[in-house]
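Here is the structure we will look at, set down as structure tokens.
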Amino acid sequence: MKQSEILQFLQQVAKQKISPENALLKMQDNGFTELEYAKIDTERTARTGYPEVIYGAGKSAAQITGIVQAMKQHEQPILATRVAADKAAAVLTQEPQLKYDEVAHTLVLSVAPPERIGEIAIVTAGTSDINVAEEAAVTAELFGNEVTRIYDVGVAGIQRLFSKLDLIRRANVVIVIAGMEGALTSVVGGLVDVPVIAVPTSVGYGSHLNGLTPLLSMLNSCAAGISVVNIDNGFGAAYNASMINHLAGGKQK
Amino acid sequence: MKQSEILQFLQQVAKQKISPENALLKMQDNGFTELEYAKIDTERTARTGYPEVIYGAGKSAAQITGIVQAMKQHEQPILATRVAADKAAAVLTQEPQLKYDEVAHTLVLSVAPPERIGEIAIVTAGTSDINVAEEAAVTAELFGNEVTRIYDVGVAGIQRLFSKLDLIRRANVVIVIAGMEGALTSVVGGLVDVPVIAVPTSVGYGSHLNGLTPLLSMLNSCAAGISVVNIDNGFGAAYNASMINHLAGGKQK
Amino acid sequence: MKQSEILQFLQQVAKQKISPENALLKMQDNGFTELEYAKIDTERTARTGYPEVIYGAGKSAAQITGIVQAMKQHEQPILATRVAADKAAAVLTQEPQLKYDEVAHTLVLSVAPPERIGEIAIVTAGTSDINVAEEAAVTAELFGNEVTRIYDVGVAGIQRLFSKLDLIRRANVVIVIAGMEGALTSVVGGLVDVPVIAVPTSVGYGSHLNGLTPLLSMLNSCAAGISVVNIDNGFGAAYNASMINHLAGGKQK
Amino acid sequence: MKQSEILQFLQQVAKQKISPENALLKMQDNGFTELEYAKIDTERTARTGYPEVIYGAGKSAAQITGIVQAMKQHEQPILATRVAADKAAAVLTQEPQLKYDEVAHTLVLSVAPPERIGEIAIVTAGTSDINVAEEAAVTAELFGNEVTRIYDVGVAGIQRLFSKLDLIRRANVVIVIAGMEGALTSVVGGLVDVPVIAVPTSVGYGSHLNGLTPLLSMLNSCAAGISVVNIDNGFGAAYNASMINHLAGGKQK
Amino acid sequence: MKQSEILQFLQQVAKQKISPENALLKMQDNGFTELEYAKIDTERTARTGYPEVIYGAGKSAAQITGIVQAMKQHEQPILATRVAADKAAAVLTQEPQLKYDEVAHTLVLSVAPPERIGEIAIVTAGTSDINVAEEAAVTAELFGNEVTRIYDVGVAGIQRLFSKLDLIRRANVVIVIAGMEGALTSVVGGLVDVPVIAVPTSVGYGSHLNGLTPLLSMLNSCAAGISVVNIDNGFGAAYNASMINHLAGGKQK
Amino acid sequence: MKQSEILQFLQQVAKQKISPENALLKMQDNGFTELEYAKIDTERTARTGYPEVIYGAGKSAAQITGIVQAMKQHEQPILATRVAADKAAAVLTQEPQLKYDEVAHTLVLSVAPPERIGEIAIVTAGTSDINVAEEAAVTAELFGNEVTRIYDVGVAGIQRLFSKLDLIRRANVVIVIAGMEGALTSVVGGLVDVPVIAVPTSVGYGSHLNGLTPLLSMLNSCAAGISVVNIDNGFGAAYNASMINHLAGGKQK
Amino acid sequence: MKQSEILQFLQQVAKQKISPENALLKMQDNGFTELEYAKIDTERTARTGYPEVIYGAGKSAAQITGIVQAMKQHEQPILATRVAADKAAAVLTQEPQLKYDEVAHTLVLSVAPPERIGEIAIVTAGTSDINVAEEAAVTAELFGNEVTRIYDVGVAGIQRLFSKLDLIRRANVVIVIAGMEGALTSVVGGLVDVPVIAVPTSVGYGSHLNGLTPLLSMLNSCAAGISVVNIDNGFGAAYNASMINHLAGGKQK
Amino acid sequence: MKQSEILQFLQQVAKQKISPENALLKMQDNGFTELEYAKIDTERTARTGYPEVIYGAGKSAAQITGIVQAMKQHEQPILATRVAADKAAAVLTQEPQLKYDEVAHTLVLSVAPPERIGEIAIVTAGTSDINVAEEAAVTAELFGNEVTRIYDVGVAGIQRLFSKLDLIRRANVVIVIAGMEGALTSVVGGLVDVPVIAVPTSVGYGSHLNGLTPLLSMLNSCAAGISVVNIDNGFGAAYNASMINHLAGGKQK
């Protein structure tokens, strides 16, 4: 609660417009809905500008369904990430108005077509990084951003990247998604004048260490302007990029 | 080079205003100054919006001095980071107009007092994180940002953080700097609606692993909107934050 | 054996009440039951205050059944942890009076309803941590402790935690269970005046490293009063908490 | 703040005994003293039962002195850990009433001789672990606990441990401090019926990995009732043990 | 593009033989074929001497088929590595002229029987390393190299290696493939006067760490002349060896 | 070849009893049988005192069968380790005189009942370590050693170990097999006057790191006289112990 | 204590030859000398065949001197390892009859020239491994073993090893000491029929990881008969080898 | 020894031109010079084409001097790497004809100015990588290769690399030396048609892990044709490159 809000409560109490007990109750309004297995953060949009998002990987279909049903009552867009196809099917039998994306592994309920401003460029090094890229794209679009997809432009054939450079430079923020050694991040970082959010992926083998190698590589980039999120965290990158794009006010470059 | 620039050259050649050989020469203008031991990226401001910055840790005083002298000819602000006190003293005997900051370990040459827009909040968990924080603050101020410093508000005494929350929430972007377990990042991330850039520090001991523990912790934050830079990389966080703050146009919240 | 016990034996020998050979035999009474594949520590309750517990993960259903049958002869409560559902079903066909908990993955035989003193607070950061939490809860209750469950109060929505703070502060010892970055531990640790036992969980992905990240995070907490057990070790935390709660004599705060 | 305290404020406002603005001010009383480089948590004793402790490793002598001077005004015992001998000497020129312990590396200001209840057993595997043990002992004694020191009883000569077992078993809580492979922890854990707090030390070489080996070993102990703190963290273990010993009410076993 | 090529374009423009716009278009000819999910690097043979190779592990059968069909139009040999048997079967129903190797897990389309020069020796430590060795052999043969296979000559029975030494010394480059501790690499490296390319394999268990142990071992070899590729990367070793063998001009030693 | 053997050949050549070409051929007799996928080290018994052993994990049933058939011609005992039950079944259809052990996962062909001298004590910390222990026991018995099995005597109930100490002390060499934290090794090492071979096992979870924790623990044991083999390597420990036991000449202590 | 010894005490008590209290006292004779900072294991020779050895690295000169003085009263040979030159000098001023070895970094007090049986071969890969080798040699000689030194025979020039093979094969046990990748261990292991004790050393750089690379390499050796001790642990290897050599009864091969 | 050489000996014996004893002696000619602390591999040039090189890091000035003096008798070029300045000074007082390079940290004795063929391109990402690059350059030049140095062309300012591309493409083999994230390797690898040898350097901080990050990055490069040597191993890269360049016969591209 902001201090101005607390002051308002205190002034109402002083004016006897509200009893001390009721003021306490309202000040205690916790801002969440309590289920047996979850406490849904209904105050989140007010606090951080974005609704709570369901991380589907560790939850059962029944738990996801229950949380969706509780969230529907607050009329906000719903996004569940990392939902496997069979789990999604089980949820959809209960909540058929959700939409499942088989590449991004997301379940989405759009309240209204959001106005999209922008834009956010999503760049991948390879074909195998597309799942992560689409998780980012679905998230960014749901949160009201124009998205430009530029896939499979890794540095082994760097002419592919250069041919798309004008397209990338148009964005307010660039998400670079790469497995292997993640070198694409540094090359892009050296060529643009906006923030780059790097997403290492688990695409690789052997000493790739399930994505630790590109993660470390991205954290040690010789190019400035790069920050990094967890391995395969397309959602997190898009959430961050959306914040930046909205700060930029959707201005077209 | 942008494609429109290449087209311009080609059109000038077609109109015989410039010979093919001269066009090649100009197209080849590499955008860097060549020293024996370094190639200074003089085109960087045009390309990325920021001048090249000297990473002082691996260079001798003579090398730093040489690069500073080459950069001075392009009339842009100069920033050298990670310059130890004795190395700085040696540089200053040659280039006395530089200014050394003993906490931030930076050498700075400001061309003109930059207009500062903002703002960027820099938040640290402890007293020992201040060196990294000041590297970030010096960088951000040189690049034209208003900076709010909020130091030593780690979660072990969380009332310290809450008392500064209104101050933090005023910023366009928040830099959170923490050693130990880095928990401050997640708490701040859950309370603001702007991007958070997390900087793990090497402050700690034992299983802290010289900063790997808060680095991993920050990458796995349960709060969204957080991206991470390398351990102790105050400069990188500030560079990134400056980009975001300028995209936001310095609007006051 | 305590030295006073040895002295007793020696005195009985001196008084010729027992032969040297018999004394040796009794002093050698090893305090365990020997099966082909196990030596059951039947003296454990006397020595440490708690019966031996069966760690089910590495044992076959036949081995678990055999150990249960041997332990039943000593009339003490029986607890088997980490028993998968199909393995439990096989054990139950032989020993149907055991009770299987599908969330905690425990098999329990209560000798008598234990008097429960308390209390122990079990706090989780997310919904996905509940399996580990229930392993702790079942263990703590079997060992005679009142348990308060406070689930899904991670720091991304910190108002959820604060609304439950009075409840948490009532306990003699708090178990905090968290995956991701484990930041909840430090926040709770800074707000209570009793020992906190931290349990990292394997809930997470990528650089989470199957729980090593919250483990390291908890070990490096900036809050004092926190000690840590192995990843997912709900049983160990509850065992420890029970010892502390009983030392406190079940006093109500 | 407790909810009952908030209610009190609200009731005073309702009764016009205090203005809304003053109520806000008092509710905002942040509970810390603000220095340029630190925010001292003066509310900590009320909140967690223990005063804030100064971690000396990352701070200058001037910073330690400044914090000590600020804390002195609240008349509570002062403890600074990890203070190197030369840094301590510098602090003592300013604050000569502090007492420096050359083995424990602590600076202490006792307000009054605390009543010591107990007891806490501190057990080390080797001679080289004594520095860590004394950090724990100094901490525990300052916080009002009787301490029994049992040093150099590692399992390579297990008769040394058994000869001290009656002494160890008298304690309400046992701190086991060991480097090398840390096996002493499991052996002690299997022989006592009170909580064991394990402290791995950095004593070892090669694959000892500066203490990671005994840390991992202790976390995976086959004995129950063991929880672990960071490598060399004697202070943390003593803080935790003190909480448990005081919950036990200093009862003599 | 080489600078001489750019000059040619510029000269043609100067001579009005080509319009500036067309010159730009040709200079922009990006050298790749764009599919929805991939950008095939068709210029690769010109640039690096070798066609692009399909890494099959992260791609669906449909994606592999699509890329094969696009590459067929450029009339170059096609190689797909890491194709599982069932995925290969699905591709073969669409593109039956490909040939699948069940040991090497490769799909190959040879345009014409290549002239093989040589030679490259492929040496393995054990029987279990043969899958990796055959991936290397198939690659090397497709790229026009004579291959000598010398399998199961690990150092535990070093007479097996010595009996084949004359055979190994005949090659222009030696690929050594080994799991376990990879000691064969150093022994071979000390006995030949040509480059050795070392391939660690994931054959082993326990502290073998899925191949990290031989990888580290090979990187620290006491013999000079050894360079290393990723774990199980038979393709990469053969690609490299082929380059060296062709530089040597296929001369017979 | 020993130098005396080479001299013999040279003398026979000098005496014209053998032609130089035939001498070379015999000196080149490589001491192995060559299959397509393996080179069987038939000289191994002469060189190291033990026949080659088949490591079954990375080989197909067909390969194991082929190697067994080749080895049978040299009339030596055959041992294959790490053979899964289904693979063993396939081998047994071809070579039914082999004997499969379902706990040890070994296939054995004994040429003649070996004289067993001894003895070797095999000690495990828990029930779950028995698979590894039986791999060791089967190996040791095949190689002609008396084996004493002492299972499930981990230090959490140390009286179990002490009751078996006389039995353990009778051996010429002790194999200690333990998962979890491996503390049993140090305790045994401190109590016996013969070499201890430690085998860490993969029994554990979380920060156990699949056996790295007891491996590191054993390497850093505070007791002397301990050496370590790879995780789960029961065969290697027994091979080593057999060498030592035979050096001791089977003397009974 | 052995059970036969306990029985003796009991029988003496039964015969009234000793009072129960005195019997307890004697049975409690702990077998160690207690200093302030150490408990010296004086029963160790009886229990394990070897006197306690002082690990000098973590102890002050005063502590080493004190322990030496206490041990001298038991008239057994004294060995202190890892004693730096300056620390040794300080000890020698107090205890001048000790002998310091500047290569092995050992302090030794020989009671009587021990009969040396043998033999133990100590083999190093390089010149830089000699410090560790001499620690092993000094230890082995003090404990009564003939030692053969074979230094700098690493596999990069394998003819050096083969020329010494007859010498190595004469030993009852071989200690192989190697840094870098440790490949020498496997080659030696495949050529001898006695136990090989491998000592990885910290000689190397970069991905050598201070000795972890040869440690892992040795643990995963393809040759059987190898066991491993900690990095740089020459003492431990010699201790172990001495046990084996003495079991072999010093028989000459 | 080659088999043809053995046959020659045997034939001489058969013809009585040499006695069996003398033949054995000559066949045993071990090909090394034996010092107290080293066995110098004098046969190395014959066997591998290159003389033995002295790795100076782990050796004393006296040992280096001794080895140099022994090698001088075989009239081959002498190279010692990793020789610190003070150690070099001590060697030079004894062997003043050696030449010390203060950047490369090498001591060199050239027998005769070697004919240089080539060429080898040595490319670094930054100024701080130059020490490693010069170790490579000195080595390559001593071994008879033309070297082209291209320093400080990291991908953060990729126009610097492109401007030097024609120069790089002229080489027979390219050595890429980079710290930070090592991305330069992949970019170069995608642009050339000759082997690339990658050298990670220890230039970086934090999660750079002293060079492990670029090492892992290079091993996982998305570009083919890259092989990797140990961190900072400029010598090893040059040795390897020299082999390849000489195989190419010094042909000019």
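First chain written, first letter: the chains are A, B, C, D, E, F, G and H, and each begins at residue 1.
Quick note on the criterion: contacts are C-beta pairs under 8 Å (C-beta built on N, C-alpha and C of every residue); 3 or more make two chains touch, one makes a residue touch a chain.
Everything quoted here is computed from the prediction, not taken from an experiment.
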> In this assembly, which chains make contact with chain G and also with chain H?
Replying inline: E, F
> Between 0 and 180 degrees, and as a multiple of 5, what angle does the rotation take that fits chain E onto chain F by Cα atoms?
Replying inline: 90
> What is the chain whose Cα centre is as far as it gets from that of chain A?
Replying inline: G
> How many angstrom lie between the CA centroids of chain C and chain H, rounded to a whole number?
Replying inline: 59
> Between chain A and chain F, what is the separation of their C-alpha centroids in Å?
Replying inline: 54
>> Give me the residue numbers in chain F that touch at least two other chains, ranges are fine.
In response: 3, 28, 47, 126, 156-157, 190-191, 206-208, 212, 215, 219-220, 224, 230
> Can you name every chain pair that touches?
Replying inline: A-B, A-C, A-D, A-E, A-H, B-C, B-D, B-E, B-H, C-D, C-F, C-G, D-F, D-G, E-F, E-G, E-H, F-G, F-H, G-H
>> For the complex, give me every residue of chain H touching chain B.
In response: 126-128, 130, 151-153, 156-157, 159-160, 162-163, 179, 203, 205-208
> Of all residues in chain C, which touch chain F in the complex?
Replying inline: 28, 30-32, 37-39, 41, 43-44, 52, 57-59, 63, 200, 202, 210-212, 215, 230-233
> Residues of chain E touching chain H in their complex?
Replying inline: 2-3, 47-50, 53, 166, 172-173, 190-195, 197, 215, 219-220, 224-230, 235-237, 239-240, 243-244, 247-249
> Which of the residues in chain A end up touching chain H in this complex?
Replying inline: 125-126, 154-158, 180-183, 185-187, 189-191, 204, 206-209, 212-214, 216-224
> Along chain B, where are the residues that touch chain E in the complex?
Replying inline: 3, 6-7, 10-11, 13-14, 16, 19-21, 23-24, 27-28
